[in-house]
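You will see two complexes here that share chain A, one where it goes with chain B and one where it goes with chain C.
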Partner chain A sequence: MLNKIFERKGWKLTFILLLPLIIFIISIMLGRYNIGPFDVIRILFSTGLGEGLPDIPNIAQQLILRIRLPRILAALLVGASFGATGTAFQAIFKNPLVDSNILGVTSGAGFGASLAILLLSEQWQIQVSAFIFGLLAVFLAFLGSRLYKSTPILVLTLMGILIGSLFSSLTALLKYVADPLDALPAITFWLLGSLTGITWDNIGVLGVVTIIGVIFFMMIRWRLNILSLGDSEAKTLGINPTSNKVIIIIAATLMTAAAVSVSGVIGWVGLVIPHAGRLLVGPNHKSLLPVSVCLGAAYMMIIDDIARTLLPGEIPLGVLTGLIGVPILIILMRRNRTGW
Partner chain B sequence: MNKALFRVVFSIVVLSMVLLGCSPKQETAVDVKLTLIDQAGITLTIPQPVERVISTYGPATSFIYAVGGGDRLVSASYLGARDPFGAMMMEKIDPNFREIQGDEFFSQEDFNLEHAASLNPDLIIVSSRSVWLESAAQLEIPIFQVFAETEETLKEAMLLTGEIFGSDAADQAAAWVDYYDEIVAGVQETTDRISLDQRVRVLFTGTEPLRVASGDMYQTSIIEAAGGISVSEELSGYWNDINLEQVAIWDPDVIIVPPYGGASVEAITESPEWQIIKAVQDGHVYRMPKLVVPWDTPAPDSVLGIVWMAQLLNPEIVDIDCKEEAAYFYNTFYEYQLTDEELTTICQFNVE
Partner chain C sequence: MTVYLSAQNLSYAYSPGRTVLHDISLSVKAGETLYVLGRNGGGKTTLLSCLAGLLKPGTGSVRINDKNLYNYNGSERAQLIGLIPQMHLPVFAYSVEEMVMMGRTPHLNWMGAPSFEDKRVVEEAMEQVGISELREQPYIEISGGERQLTLIARGLAQQCQVLLMDEPTAHLDLSNQQRVLEIVQQLKLKGLSFIISSHAPNDAFGFADRVLLLNDGWVMDYGSPEDVLTEVMLSSVYGIQAEVVYAHDNGFKVPRAIVSRRPSNVAPESINEPGGFLYKVFEQRLSSPQLLIVTGLSGAGKTTWCSRLAKFAKARGFSVEGVLSPGIFETGKKTGISVESLSTGEAKQLASLRDSENAKLATPRWSFSPEILEWANQTLIQKDSKDLLVIDELGPLEFLQGKGLTAGLDRIDAGQYKVACAVVRSSLLPKALQRWPKAKVIHGSFQ
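Showing the complex of A and B:
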């Protein structure tokens, strides 16, 4: 009996862990430009950029290698990042209603991007500005919480919300002064999230930060179990809750800022993917963290597939994440009634 | 005693105010008024002649200049006059431009009521999309709403603007409509012979390379009037965000970027990813010209957009010259004589 359950759980876990790979392979074959699945695989395995396969039009080869591949990888990385950071934040804040934006990183990044759209024009400048202001927002929240002596995590949460609101207001101000014919639609589009126009140049930093970040969270995931019990329990078990939380917040903030600076503001994923993970494998972070990473990655790839293939025009990711995610989550909740 | 004195003084003051208020006003000899229906379908009465006009909508300002009413503007929002070149040219066209320029007070989003009232206008010309129409109505000054987004509504807007500014202006507006029709008919006569599958396929991008004009937009009408096909015709609404894969499917022969919002030819031609697109490989990426008003917007100048594009897309068969038409157009409708140098600069296909 026990054996049977273990087997079922193991099968489920294996499937979830393989899910990003499966979705990745399906995604690379999907696109508005029609390229046969076998040709796609041949292009992927051909060496170098183009030239390799004379029977496939060069444009198809370039599309796969320079447009689809970096974009799908970006979706994978962004999703993985949101999955990991959302799970970690829900653990250390002991609150299932938070994600990595609770300290204002996304609001800060949104402001940074809007400012860059208004004053500068290059894609990389927008990305860098978003990244810097994302970090700045969390740093300010930290600084603010230092003004207060006791209950640091609660004060930090409050400060994060305050700083987040501050940056949201500043973004609203920028939208108000932005030229409705050029800057305003660009800001609005950025604030809704999109991966259109992603190239290899854009995903270098994202890739490095996300991979290191995910490895870091995988290594410390047992600590998340302890931290989620509460500060006194963590101390009893020989873990300094404050320093651990600070390190986790720094790591998660870097990851989120890197992700958001590429994808634009995408809400919802970091909040809900950990819940989906808990419904599937339970609250133990030993399996919950990798499952959230994989679910997040697979989910973002699916969302982006829809965004880029459904219509000739791009659909903003922020619109789709909730629209598709909420029904899925409700179905999951109906099926498994697991505790949080 | 004091009270009685106060009463006397008070009565005198009140009486004098009433008497002064009743004194006969200076009235115009004949109280002429024009009644017309604006483009939002609202009937309004406008005193004639209009002398002090506020235009809160850039394209409408260009209609006013084109019919010869520029000297009656007291404050206006301008289209295409924010960049240094546009501002310089606008100042040449109207030396009073800097004083009239009122972009900080009036736009589709903003309407500074106090400032508007202080200018004592007799007409306010607005976009029907302005968000502040109800509050502006409190001034009880006639508001004329413009909605010129297509060829037909643009002609209608020009004719109505002419009517508002008097008989000379009405003649000028009619002359513009005739000129527009003449140009379109002339181009059409020659391009009609081209079968649909032979026509040049054009992608009109926006302020960013991956933002393109929809089939509902005026840019599409210009491409069609010039004898081309807009590849993004199937899209609807306003500017659409797309991905490069979609551009590859459309595979345009020519890509045109607009002359505003930081859009640049280089953003496309220097991008490694865009090299897969035929138009980029062939070097067929161009920037729509402008003097002040961009030639791709629904404004009088757009007739030159058709001329320029027809010459670009069908140079072999279309007997039309951008420089010649631009010289005629700006001379006739803006009373501005372009120098040869200016003509060469604006009519060229490749702008550095």
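Showing the complex of A and C:
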């Protein structure tokens, strides 16, 4: 299958598909503690075998395996997830200006996390609460859209925006009552997005959900073309638009909730990456989807590299994705004037 | 020949009480083209949606290859019937080849992407309709005609047996219309069936084997284009005065085109000129009732035209009856409508500018006096047969609400006149012509 893709778009696709690997290796070398590329590779390959590397300080090995590796993997997974779900949502909503947050999942997760920070304390509790409230928000939007019998996708979008606003207001309420010395900074920082302090324990669910989700979207990527033509054309071509969209929304919501519960609120990635992908390989989801997954993963790793290395302190990811994502989107829109 | 697709007693309602299709039956065989004609909102697109399986009819059934359409699953159905919707553009800039490739979807399994075999079919489909050289072009950037051809190629890639096309030539220039319809004709010879909804009855003469004429969701007629597209039928569906133009082809007289006749400019004086239009009309009144519709925009001079006709007719010794309704003007503004009996010369004020919101008998601008209308109706009820009956005017009240000068409407419907001259504003002319297809239409104006 990959061979066929290479034949069609040549080196460009090959490069894009290899990009996450390249960025991954570069990322793992980056950091305050200087470890040479050769040593990094030796440390990575030694793990499976369990043999000691006496010439490399133990702290370097610990740093690579316990801190950098899970964090960079988390960035990769979160980026891949946003790339895939953003692309799928732009297709099924027939709208190049949406991403998987349109149905309120991020706002729900933000509220869930804030609530957990306020009432509970464990990292995993915050994650679970964010995940559950993320799903709940989309479920409510879906339920709300059923009340109104008209153009379903439009009403669903509207409901998503409404439910999103509702949860944002609730989050604001929690911030208002939160302890300004303790809980409030924690909530604020969570809402800005970060991968600080990610360990192997945190990325298990994210890894499983993202890998299964990406495989699912890879399998149905041709259908995204058909669904993007609109309901009646999809039906004409033998595809049931409603059931397909429901399944896609469920899958994308699970993936986004899993990602956001780990990374906090990170905007723009799911919106910008599919545009970059279309500019590089065109709108056909057969190649666009894998490209968006790879670009998303690479982009997120780069953003996280900048976040942890540019300044002595961490820069919140949500701040960077906005600062970098907005100019990129504007440049892309300028270059890509004749349709998406 | 195999019947590929047939519909029996199909009805469809978008909501209870809003039935848009009534009891429609049709069938299409292999290599046949059926044209569905009718006015805007007549139910053509709904019919195609039902036939394509997008909408499930309330009653009746659609069968394809002798099996109920709804017993096929989505992709089975899509392998039999293709639908080319009315022109709309996708959000994303897919290439022509990708658009055609999407036609392969019903042949793929649920997670499949097109294979090399699919690519070959697509190649062949593009070759057949002659768009191979456009393959890399974005679909949203090619011309309307080329888009239509791309969608036909998509239907071919779908390998369906019946292709439904919703107004394929709308928005196309003459040469692109021809290009699309010629391709349809060629594919039809290869055994593909077409059901085409169209606003171009003329095309039906050249390209249709059969025509289904729809009016408000009812089948007006169904048969060969020559039998269906007659002048009377076209008038009653489209509300135009149509004339079918014939040509001689190998010794046969074949219908070629439908032209719509426009109202003629006639001077009321022509009643006095032997051989003149009105002179002849008054001569013909002895053999059959003659109906003139005087039309024009508000203020064009319709009433003046009629009053002059009445004056000249009286001068020639014809008896005249009926009503005129000249405007009442105050300082250049029309502030009311009066009604004047042509037999007695008596005049009364019929309507005034509407000021109250709850006028019982009203059009958007005027509120009418029910008593005066009753009086006008009395003067219109036939007592003895006069030579000229003038009814000024039959407006929205009469045609849309069934009120107003109903006596006049009834008399024309019943043909109880010798020469009748009815004033109808331009916007209501189609309604009048649907009701009285044989009327002669005159511009009531003065140059």
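In this section, the second predicted complex is superposed on the first by the 314 of 340 C-alpha atoms of A that agree within 3 Å, B and C clash if a C-alpha of one lies under 4 Å from a C-alpha of the other, contacts with A are read in each partner's own complex, and residues count from 1 in each chain.
Keep this in mind: a residue touches a chain if its C-beta (ideal position, glycine included) is under 8 Å from a C-beta of that chain, and two chains touch if they have at least 3 such contacts.
Predicted model, so just to flag it, every value in this text is computed and none were measured.
Asks: Going by the contact rule set out at the top, does A:Q125 touch chain B (first), chain C (second), both, or neither?
Replies: Once the two structures are laid over each other on A, A:Q125 reaches no partner at all.
Asks: Contact-wise, after the overlay, does A:R68 reach chain B, chain C, both or neither (first, second, both, neither)?
Replies: A:R68 sits against chain B, while chain C stays out of touch.
Asks: Scan A:N58 for contacts with chain B and chain C and give back first, second, both or neither.
Replies: first
Asks: Quick check on the superposed pair: does A:S46 touch chain B, chain C, both, or neither? Answer first, second, both or neither.
Replies: Once the two structures are laid over each other on A, A:S46 reaches no partner at all.
Asks: With both complexes overlaid on chain A, does A:T188 touch chain B (first), chain C (second), both or neither?
Replies: neither
Asks: Based on the superposed arrangement, let me know which partner A:R308 touches: chain B (first), chain C (second), both, or neither?
Replies: In the superposition, A:R308 contacts chain B only.
Asks: What is the contact status of A:S168 with respect to chain B (first) and chain C (second): first, second, both, or neither?
Replies: Neither: A:S168 stays clear of chain B and chain C.
Asks: Contacts for A:G282 in the overlay, against chain B (first) and chain C (second): which applies, first, second, both or neither?
Replies: Touch partner of A:G282: chain C, not chain B.
Asks: Residue numbers of chain C touching chain A in their complex, please.
Replies: By the definition above, chain C touches chain A via 49, 52-54, 73-79, 82-83, 85, 88, 90-95, 98, 102-103, 105-106, 108, 110-114, 138, 140-141, 158.
Asks: Going by the contact rule at the top, pick out the chain A residues touching chain C in the complex.
Replies: Counting only chain A, the residues touching chain C are 91, 94-96, 219-223, 225-226, 228-230, 232-233, 235-240, 278, 282-284, 286, 338-340.
Asks: Within the complex, which stretch of chain B touches chain A?
Replies: 107-109, 206-211, 232, 234-235, 238-246, 248-249, 260-263, 272-273, 275-276
Asks: Chain B touches which residues of chain A in the complex?
Replies: That would be residues 31-33, 58-59, 62-63, 66-68, 71, 121, 176, 179-183, 185-186, 189, 194, 196-197, 199, 308, 312-314 of chain A.
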